[in-house]
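Below: a set of structures, written as structure tokens.
Shared between the two complexes below is chain A, which pairs with chain B and chain C, respectively.
Here is the complex of A and B:
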């Protein structure tokens, strides 16, 4: 490629009429902009076009959410908090609440959401009168104009697949990674089954101990599991660990 | 005649300083005899804060290092982590990163050109270059959803593939921009006022620049022929054909000319990368724990050579993340540049450094 500008300039400005050329250029531009439509947008009355994937404040589809807490864990500014909500249709459920005043609009909550309940909305006019106004509860987070295609999909490819030449199988960590049980550490406490947001864990009797009581181990249903790691976090004896598939 | 020397503090509220920094100059009448750059007003503890974040969470924070070079800063961070993980990024993702980097370089240089225009009292240049910059910011909105804090590169690829018709938009913007850049050049380079204020001031020799460790357009304006993109190629820059502009004088005009030429070359790189772009995946899955070790990656930022040094200890959080900011080094040349010039030349000279305090103070 060739140098485009540096071999042409600087020119001798004395031969070019000192500042005549800039005057001509501005005059040319003045005529151009007079004919064409103005660049200025009268902001509150008319707005700039924004694409569908614009990252404004986070939005929530209340019915889709399972309360797994991946968004809470991924949030770099810890502005998401899981709160218990008394819903008319669903009963007592856990749903994310976002402190929009602290949100940095990175879109991680939407990107990592396994059920595509969190979305990014094109809503950017977020000013409020008090700080409490900026804490959006799960119902306020709803965005009625949410359309299909506004979800951000986490489409990663497994390196092992790429090595085999398979390039059309995008996946995500919550589809392939699963908790792994270390049997001898488990104390049959049942906490993982209680905390699982999607009821993927079932306690199964695997034997009897010396006193004749049944030993129960968790069995994970791979089709239901969204890999939220809540069972791994809550396990008192670290009997469950992350099994990463690469 | 006896004259008394006087210290004049320029900044942090002085209109010449783009950002919060101070330049204390010692003047003898109107000639500058000494200068001390003072920085640190914007220290946020960025490096320390990174030690409490997991690896993906640092990417949007790296955007905040510099508002006009957000893409390159998150790029150099993910390159450092990929270096530590020892993974190869899919080829399409590499091309997308190159395109995004060059868009970022153009819009950063346009921001600098606008600031330069206001420093020299030329408000037309300010308005025109900010108008062209809008086109590139619109490309960013289409590509990654936001104008400045892009959050686009990911460890192991990029966030999303190109949106529908992005290639067409890119070509249109680049073609239109090249046409309009000649108008801005006519406004600056053909003006006797501009040339008399820029030529011959803020001179720095090649040897001094090398000793101080200047990088970027400041270094190439002194005749040092080095560019990380060409001489230590990362991503796919070795497959692309572009020129590295080098100017022999080391004055303010040379630094200006190098940046203008870099914009033309960036347009060319975008065209070539778009033409060569292969199909395929854009992101691969990476392990969440980075093996212990010490790795670094460097990149050609719009302002110079950006480097991140990552020390990992085998967990999902970095043990230490050191940022080598180009402006932190370049501003140390401020004293040498302004020495012997007049007081009124200081904005013209310091404008060519292209200050960005977010990355300098971290």
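Here is the complex of A and C:
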């Protein structure tokens, strides 16, 4: 019987330890996992260490946010919506509200936030009892232990700059997109200045019309502008347009 | 009369009704001592309520102490085996977990109380019986499977001073009752009226009957070498000469393989092949019936290991020592060592096919067992033992 068995299997199992070899393997594994603990993590009781920039649900630093709406426009799944909230300290402000049931945790909102108010958080236990539970209003989006590591910075460079080897973040007006005024269309309505979330627009008198009233044109402060396009969207006569530099 | 007149612990060996005579028996001593405390307190309370009654002296008389001491002795004996079994289940789960690189048990210190928690869970389940099952066969077969497992576990002495009965037929009757359960498993598989349990029962019967034969041949060679069926005599013979694992190493290996098959453990767990048959012959048994079947599996595993220890590893004796040192603990440690090897094999091997199992049983183990018997006969005739 045994000889037949060895004829059948040319790799001679008897010479390779036969059943003793698997015994040895499992014994080694047992010793190893007894000394160093098994790889299993008892999930609800123990949790894996997660880094600060773990792509959990979006978080919001309420005070930093300017309500520019870039996150709303940027969101691939359109789960972010700007809502007006009545804050005790800040008054009536616009802040993002996130439907985490639809959120795919890509972190684009945190990446594109100009003031780093949107962050990613390590919070991934998001189950709720109803679909309404999953819509997080701006106050629910707050995350107490927000660290600097949870901010996601956008590294945006011009291809021409990269070719030159310049890696500093572009800030000059001719390097980033900015709204541009087409002067003859402007009707001095002041709406862009009112809507600008960072007060970058100032109305400047550029002349007088036939009735002697001043003609005001918006002047954009490049150091403040975050290019949120709200002024472009709100302009009734399409007098503002995007000046794309890329 | 005061409290100390009722509750006083006397020497159990002096009890004229004791079935053990003057032989020291620790469970009996513990049992009768327990009754002397419990019955003494009862008698004291009854005597306080009704002074001068005849019930109180009767409760602490020799005859009643002996009778209820025997009952408590069985409880003590069973409790020890039960705790050993819980430890074995714990060892199995822990070792398997470590071998498979995963966590094993969690409840209690080091996860020791996990199987108690599982037992409580199964205890709370509903009693369910299939509509078309054969009611009598369904209940009686499984009762006999469980009962025979517990019975043979109670028949194994832990030491010359820790036993229920010292009987001359010894190992023979243990093996006889060990062989009862395959038939009852077949009956249980048939009675459930379920194809999985029927196939499992058939497989159990085929496998167990074919592995009985090499096992009994090994048993015969051990008995032949020791010249006695009595367990004490076999162990005493090994203490006087040498452990039987040295002259009968082939027999030891054959016995262990056959014992794993008899206890329906991986790699010979075809009757309960979880991947093919749902739960094998136990498919339709739910709740506490299932829990007791599991427990009886471990009792059978314990008995198989204990028989291996008694027959080959010198029972409760330590090597190179003539006197016994805490023999019960030594015996149980040896049992747990053998059980660890069974668990190790379970973690190492996959399940073996039916035809391979029968081939191994009839074509490998049976010739090896006969060879072992032949060696023993030669040794006996040569006058070595």
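In this text, the second predicted complex is superposed on the first by the 197 of 246 C-alpha atoms of A that agree within 3 Å, B and C clash if a C-alpha of one lies under 4 Å from a C-alpha of the other, contacts with A are read in each partner's own complex, and residues count from 1 in each chain.
Keep in mind that, in the parts below, contacts are C-beta pairs under 8 Å (C-beta built on N, C-alpha and C of every residue); 3 or more make two chains touch, one makes a residue touch a chain.
Model, not experiment: these values are computed from the prediction.
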Partner with the higher number of touched chain A residues, chain C or chain B: B
Partner chain in contact with A:105 - chain B first, chain C second, else both or neither: first
Touched partner set for A:29, first chain B, second chain C, both or neither: both
Which superposed partner A:243 touches (first chain B, second chain C, both, neither): neither
Touching partner for A:190 - first (chain B), second (chain C), both, neither: neither
Which of chain B and chain C A:39 touches, first, second, both or neither: both
Touched partner set for A:54, first chain B, second chain C, both or neither: first
Overlap of chain C and chain B interfaces on chain A (superposed complexes): 1, 19, 22, 25-26, 29, 39
Footprint of chain B on chain A - complex, ascending: 1-6, 9-11, 13-14, 16, 18-19, 21-22, 24-26, 28-29, 39, 50-51, 53-55, 74, 76, 104-108, 111, 120, 152, 155-159, 162, 167, 170-173, 176, 242, 244-246
Partner chain A, residues of chain C touching it in the complex: 95, 97-99, 101-103, 106, 344-345, 347-349, 363-364
Residue ranges of chain A touching chain C (in the complex, touch as defined): 1, 19, 22-23, 25-27, 29-30, 33-34, 38-40, 42
Chain B residues touching chain A - in the complex, by the definition given at the top: 53, 56-61, 87, 90, 124, 128, 131, 134, 141-142, 144-146, 149, 151, 156-157, 159-160, 163, 183, 185-187, 189-193, 195, 199, 241-243, 245, 247, 253, 257-258, 260-261, 264-265, 268, 280-288
